[in-house]
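Next, two complexes with subunit A in common: one pairs it with subunit B, the other with subunit C.
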Partner chain A sequence: MSLYDKFFPPRIITLDNGKRIEEKRSRAPLVIFILLALSAISVKVTGFRLSTIITRGNQFWVILGRMFPPDTAYIGEIWDPLFDTIKMSIIGSLIGALIAVPMAMIASSNIIKSRMVILISRLALSIARTLPTLVTALIATFIWGLGTTAGTVAISIFTFSYVGKLLYEQIETVGMGSFEAMEAMGCSRIRAFWCAIIPQVLPGYLSNSLYCFEGNVRYAAVLGYVGAGGIGIIINTNLGWRDYSRVGMILLVLFITVVVIEYLSFWLRSKLT
Partner chain B sequence: MARKPEQVRPSQTIQEMYEAQPNAWIFTIAIIVAVMLLLAWSSTTLNNDNSTSIDGKAVALSIVHGLTHPNAQMLLDFSSAGVPYLLLETMCIAFLGTLVGAVLAIPFAFLGAVNIVPKPIALLFRTVVMAIRTIPTFVYGLMFIRVTGPGPFAGLLTMSVTSIGMISKMFIESIEDIDKGILESLDAMGCTTFQKIRYGIIPQISADFASILIYRFDMNLRDTTTLGLVGAGGIGAPLIFAMNGYKWDQAGAILCGLIVLILIIEWISNKLRNHLARGI
Partner chain C sequence: MIKFDHVTKIYPNGVKGLDDVSLSINQGEFVGIIGLSGAGKSTLIRAINRMHNIQGGNLNVDGIDVEGLKGKELRKFRRNIGMIFQSFNLVTRTTVIRNVLTSFVPDLPFWRVLLGVYPYEAKIRALESLDKMGILEKAYARVDQLSGGQQQRVALSRTLAQNPKIILADEPVAALDPVTARAVMDDFSRINRDMNITVLINIHHVDLALEYVDRIIGIKAGRIVYDGPASGISNQNLEEIYGGDLAKVGNSAELAKKERA
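Now for the complex of A and B:
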């Protein structure tokens, strides 16, 4: 940013005692200019028009309006897909979080000394994280067929990348004293990791995994759209039939489930820390 | 300090501590049993009946082949069907979506912060935000297509509404961290409400807000693929068409472009957020 200072030289203020200090010019104009330029490009590319929103905005409420009142008689058919969604999230989060532990271990620079191993494992975590969950789910449906297995695989890959990244960042900040002491006593590195590092990172790890599980219930609802099982399938079907009162009922049940799970997980996480 | 010297002999202290450690085996076993029950209950989803006629292994191999041999023609095509333009469109959707989402989230954030409004109102608005978050992306996509017709505009509006949830949740946290002492001292100096907002509140929250928005932009970039499902623009639709048509080289080209873009954006966003958090 020193280039910016050359174009807009800092203001020099002379204090009462004769000392001269420099006040750098504000960066705000530059930031605002960049933001405006990017917005202008984006408006052009996406065809954003405020007038459309104002004149046709009421159309947005049409579908939402038809969801009320929700079709309460439909609830009997919701339970199965809903429990499928929850099961997918539970087992997907569990598998993903468990695989994340060894991966995070070999991605932490204070445990593994080889730069190559660290680089490769971090790249693997990064790539797993960049793949959108929906795309993973779609690929999984090609391999495992339509159904909940594909959704579970997609969720566990997402959880793996998310928890793995947070875990190795956490491992890198723990106190290394006990780990070094155990290594000095002749323990293997895995044993030292198990006994010295794990107890330190366990609360944070469990809390992150629970948080991820919470989000996964929401994600699992979307996965049904590509046929990967769960509540998304019946949302999709009923949207296709334009039976919006049933969609409203599904969304209501999903909302209640999400709220319950969120409070449960919030309570558990507050117990952990 | 009142301890007698012989009690501090290391071996004895360790032995004593070892014997005095809390005996929590019932708790541990209860947790293990609970987890096992949950696992047994949920493992019923993993039914691997290969009822579909596709051979999983062959598909997996062709996906890997497609990813390693992307369609170079598509990667270097600068027309509106090529990967560079699709990536630009995706970025534009995510960028404006985040900005509009931020504008929409600000009222929710202030009305949901317990240090601004009374607690019942804050809880009410938090519940509203939760409800907004629960509706899946593709349902919003369909709603907005009625407003704007299919295309990136609908995607932009969908992204902005789906961003409200996370943005307002994190805005609330940063608003609740505001140091009230500064506002009180500005009050004591006789500042007007506008001055209090300008010099007391904005400097405290602007860095946090910017950091949150950059993070959300990063996330929106990944989520825009979902929009392709309902025809709301972005890179998702061509990707899903290519995959459903088993054109793995095209899917590979799009995925490679997307992965590289997301990695670059993530790197830039980490740099910017570190800059915001630590000053220079």
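Now for the complex of A and C:
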């Protein structure tokens, strides 16, 4: 009997034939109480004030208003950074998704028997996932210099951690029958994994990778802030000059690009299932 | 020849899967293993290709000490032993022929496996193997579109393509209807006779077992309680294998639960 049941004893239901069964009390009130308490603490800690949002909020509309009409003449200077952004997302997503496969394999407890290997590979995935992409990009600019290489590396690492985690969780839920059959006929575990597990997880893996790519286009747009190339650089510059009509044009182009890519990706993913 | 010499298998939770089992099976025999769920039928079969380890005694297959094998030797040893499962264990999301081709995977260069490019001869051998089981026309269908009986035939084709000396079958007909089950048993019988392949089969259907196999091994709580010709088995023997009274049946059910856990 748990502590909760001691304070809130279960209701005992007696049937007509004298059989009794205990109905445990709902945990929902406790969960709601904890959530409210945590919210209250976070408001206190962060110094959040609703009044600030209301009094300063109209500034948002002021800036947004200055973005109209967008400076259409500026579009000639947008193309290059925009394509840099897309290139970074595509190459980064591709590299990350590919290196996620072997990592996910050695992180799956149904494929690998050694607890140590699983622990280390999952730790590697967790660390890669904990690093904010912006921070990874910043570090990458120190190593590879300013430009798209740093951005590509940052996106690869994020994709690797995200797709890797989803993939190993998926691998752990597949039917192991065909894997067992391959092992019984004398296959090594790697070959059995490739022939028996991959066909089962492939549609999910491709779908997750595409979904991750969609998000990466948006991430890539802000990486320019830390000098990792792409459209973020010109957004940063123009915000600095308070040239809001140019910023408006950049955001408009970015919006259309993201919508098109998300639509394409959605269509591809619907073909996969 | 398969030779068990005082073999004992103990599961990590202390349950004895096999208890001092000694028996020998000659090349080309057709053996049915019967017993309650959890009595040790699967354990017996899976010890032969080392899908399960044993803790005591000696297990020898065609002059090879099975427990001494490791890594590459073990995989090479398994090439000679085919295995058939109750739930077929095929890769259902792909085509029939790709499943049969997996039996060549252990011997192919790794790049071929990665890219899924199989040599032409392998394809021919796979198709011939499907033809032997009478499902050649399904070669390019997806496995999940086939019926249970057809899937078990694909599994048999896969095993035959590997050219085994021994076939281990773990409840191969338990998931099939009576008519299909009979057809699959006919297949086993044919393979055993025509290709002189040793067939060991775990089976719940005593009537089917008695009808098809030459030799019956009855197992109860990890011990062999009957070993002899199928024709020589009596009702008394069956009662001993399956437990005469309810209390014993209950006990075995407990064992089955433990073994699974």
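In this section, the second predicted complex is superposed on the first by the 240 of 273 C-alpha atoms of A that agree within 3 Å, B and C clash if a C-alpha of one lies under 4 Å from a C-alpha of the other, contacts with A are read in each partner's own complex, and residues count from 1 in each chain.
We adopt the following convention: contacts are C-beta pairs under 8 Å (C-beta built on N, C-alpha and C of every residue); 3 or more make two chains touch, one makes a residue touch a chain.
Keep in mind that what you see is a predicted model, and the values were worked out from it rather than measured.
Overlap between subunit B and subunit C is detected when the two structures are superposed via subunit A.
Of the two partner chains, subunit C is the only one that A:180 touches; subunit B does not reach it. Look at A:149: by the touch rule set out above, it reaches subunit B but stays clear of subunit C.
Of the two partner chains, neither subunit B nor subunit C is touched by A:268.
Between subunit B and subunit C, B contacts the larger number of subunit A residues. Of the two partner chains placed around the shared chain by superposition, subunit C is the only one that A:191 touches, whereas subunit B remains out of contact.
Of the two partner chains, subunit B is the only one touched by A:222; subunit C is not.
By the touch criterion stated above, A:34 is placed in contact with neither subunit B nor subunit C. By the touch criterion defined above, A:138 lies against subunit B but remains apart from subunit C after alignment on the C-alpha atoms of chain A. When both complexes are aligned on chain A, the segment of subunit C among 127-135, 181-189 or 199-207 whose C-alpha atoms clash with subunit B is 127-135. Only residues 35, 38-39, 41-52, 54, 56-57, 59-60, 63, 88-89, 91-93, 95-96, 99, 127, 130-131, 133-139, 142-144, 146-148, 151-153, 155-157, 222-223, 225-226, 229, 233, 236, 239-240, 243, 255, 258-259, 262-263, 266 of subunit B touch subunit A when the two sit together in their complex. On subunit A, the positions that touch subunit B within their shared complex are 38-39, 41-43, 45-49, 52-53, 56-57, 59-60, 62-64, 84, 86-88, 90-91, 94, 126-127, 130-132, 134-135, 138-139, 142-149, 151-152, 218, 221-222, 225-226, 229, 232, 235-236, 239, 247, 251, 254-255, 258-259, 262.
Residues 49, 51, 74-79, 81-83, 85, 87-94, 102-103, 105-106, 110, 113-114, 155, 158-159, 162, 168 of subunit C touch subunit A in their complex. Listed in rising order, the residues of subunit A touching subunit C in the complex are 177-178, 180-188, 191-192, 194-196, 199-200, 202-203.
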